[in-house]
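Chain lettering (A, B and C) follows the sequence in which the chains are written, and residue indices restart at 1 in each chain.
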Amino acid sequence: MTRLGKRQLGWAAAILIFLAALALLPLAVGRDDVLNFVFLILLSITLAESWNIVAGYAGQVNLGHAAFFGLGALVARTLWIGGTPIVLAMAAGAGVATALALLIGVAAFRLRGAYFAIGTLALGEISRTTVGNVLSDISTLPTATISAYRLSHRYYLALALAAVSVAAVAALAASRVGLGMQAIREDEDAAAASGVGALGLKLTALALSTGLAGLAGGLFAYYHISYYPSHPFSPHWTFDALLMTFIGGVGTLHGPVLGAVLYVFLKEYLALRWVDFHLLIFGALFIAIVLLLPGGLVQAAERARRLLAR
Amino acid sequence: MLEIRDLVAAYGDVRALSGVTLSVGSGEIVALLGPNGAGKSTLLKSIAGLLRPRAGAIRWEGEDLRSVGAHLIVERGLAMVPEGRRLFGSMTVEENLELGAFAARARPRKRANLDRVYALFPVLSERRRQIVRALSGGQQQMVAVGRALMTNPKLLMLDEPSLGLAPRLVRSILEALVEINRGGVAVFLVEQNVQAALTLAHRGYVLEAGRIVGEGRGADLLRDPHVRRAYLGPLA
Amino acid sequence: MILAQQLLLGLLIGGIYGLAAAGLSLVFGVLKVLNVAHGELIMLGGYGAFWAVALLGIDPFASLLLVLPLSLLLGLALYWALFGFVVRADEETRVKNSLLIGFGLALALHALAVRLWTADERSIITPYGGAVISVGDLSIPVVRLLSLALAFALIGGLHLLLTHWRWGQAIRATADDWQAALLTGIDVRRAYLLAFAIGTGLAGAAGTLVSIGYSISPSIGLEWTLKALIVVVLAGLGSMIGTFVGGLFLGLAEAASAAAFGGPYREVVGLVIFVVVLVLRPRGLFGR
């Protein structure tokens, strides 16, 4: 195994151990606000890693990611309230999201670069507006479900899902399929010329990415007591995933995890510290990161290490 | 006038030029020969300022050009006709030519230079209102040469001006170069058509794998056995 | 007859779509940078006009004379502070970095607008706001008609600028092939700067017209970015007149679909047309 491969494996192990340690948190700290906060981080890790597969590994900036998150939420919520066990409902949501993604992907992958980005942005908005029009009423859990609500169930499900997405990306990165995707990212024409089936690989990346996004959407539907059905379709889910991934380091295993942790902490901290200005500061901070650390935290750490080793 | 010493250029880790030394004197026609991938285009791009060399010197009338921006190199009197012509495809012939006179050094002589270009290539005068994308390859090459002339250069560099053109057109482009040279403009010519290039050039250099491997007067290089074998084929 | 009235209103707002798209098209075509905060720049222009009218008491349309130059300056500042760094990268990286910076900027500007003007929807009340011209059964709101005429005048002015001004030609040359532009002595960075400033100026002008005839709020940014993008894809890059026509087309298509499927779907139909055009003709309907 190459040195890079070993380091990847090391990171995967470190993240999974960290997640395993978080499993003890509800036993140690019973406070709901802490669990809610960590839940948000875990959901963000899943969302960021899922976006990272298609953008970081296959190099396709998908700005319609929220559509698949939303679809997962919509299907899972409907089935779950209808009596289906939540895990099955989430799986169904993920399945529907993936199926739709494959259908759309064949057409959308005709587009390259910026055109793919704006095309998917439009698809996301189409889904949000349509859902908002058709299902305009707020979705609230039945009273019986609310009284049986346990935060720890949501917490453990989020933990499991974050672990699954990290493991999935680690496995992908080490596989031949993952290497093929990275070849497309570097140079699609050259990759195609060398016999890499570009469309197939891009569709694989999209399927995996949207499947995880659908699961994350299911988790969202399981977690929230009431929300407007169009809310999980909102483009800010896509932008959040994008920001977290780029802050951490796009196309790396651990970048999105670091990015998600930092993002949630920063956003919550700024919201507490500067109630009125927090988004303004946050936006400015993010721009500074893009300009000053173009490869994200991961590349910044890499550079620092090289400087120290000198 | 143009002196290049020990020039080294690279794309990432791949070296394209490893220590090139050559010169072009005032009023000269100098040909640069070499196989594909020898670094000829890299050399021209380095001189024009499109590529920053790693080491070595590019001196133009005594000034080091390496830290001068590409658009300011044009102001110094160096013009380049890039490989593949690189015209402004959505614009007319005349707009392309007028943009050639964008530089401050060229603006006062815009009218005179435009007349000169139309005299050199009368067909462009007929087509002046046409969008260049609709022109034939030969006419597009004329626009490219004309646009470079509009910058009022002292040295005109051309990267494979005959590429993809019919023999008759090649001849008329090359004849135009001689004509331009007679007007006092030095010409530095990268050309695959070795026979033609060496016939009209005063001097020539042979560039292989990023190094100069031969130089001499045009006529001497034409008789050189290595040049004959490598570039003119067994039948020549 | 209701249909004809709806189509008329669609045409009137279409002119503003065209103006909104012209700035985005210029920036995208010349810098190869996709500024997703374009809608937020439109929003800022709208509030600028709102402020000018509220504080100085000038005529809403006259506020353009203030908003347009201020937007140009804002464009210069944004280029120096942000987008000037983006254009140093190769084209692939440019698009990604500009998306990122655009999102950051959109976030910050949205927050700023909420802070300065609250999240409420606002529009400028004009003394002649209620005036209409009746033609047969059609009634044409005077304010919106004026807005369309102004939008057209601005696009025409831009067209003249790009074809007859020395730097206008340089901007077009840079859009065609920036390396060739360098070889003709054009300072490409300055062409980028000018194109970005003009693009921002057009966004400010579009925002002014939006706040007069329609309404603005801090969250309209994404919606307007999308409208502008739809028009850019419909019209292709390169022709400002084509962009204006594309805007009119989108306005008509939205009105027609609202008539056919009901108001809430007007956004959807524009987006669907957009996606279909994008997939079938990735370079736009009227593109080269």
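Definition applied: a residue touches a chain if its C-beta (ideal position, glycine included) is under 8 Å from a C-beta of that chain, and two chains touch if they have at least 3 such contacts.
Treat the numbers as computed from the prediction; the structure is a model and nothing was measured.
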item	value
Central chain (distance from its CA mean to the mean of all protein CA atoms)	C
Chain whose average C-alpha position is farthest from chain C's own	B
Whole-Å gap between the CA centroids of chain B and chain C	42
Geometric centre distance via CA averages, chain C-chain A, whole Å	32
Centroid spacing, where centroids are CA-atom means, of chain A and chain B in whole angstrom	52
Footprint of chain B on chain C - complex, ascending	166, 169-170, 172-173, 176-177, 179-188, 238, 288
Residue numbers on chain B that touch chain C, as the complex places them	48-50, 69-72, 74-75, 79-80, 82, 86-91, 95, 98-100, 102-106, 133, 147-148, 150-151
In the complex, chain C residues that touch chain A	28, 34, 82, 85, 91-92, 95-97, 99-101, 103-112, 114-115, 222, 226, 229-230, 233, 264-265, 267-268, 271-272, 274-275, 278-279, 282
Contact footprint of chain C on chain A as seen in their complex	61, 63, 107-108, 110-115, 117-119, 121-123, 125-126, 129-130, 132-133, 235, 239, 242-243, 246, 276-280, 282-284, 286-287, 290-291, 294
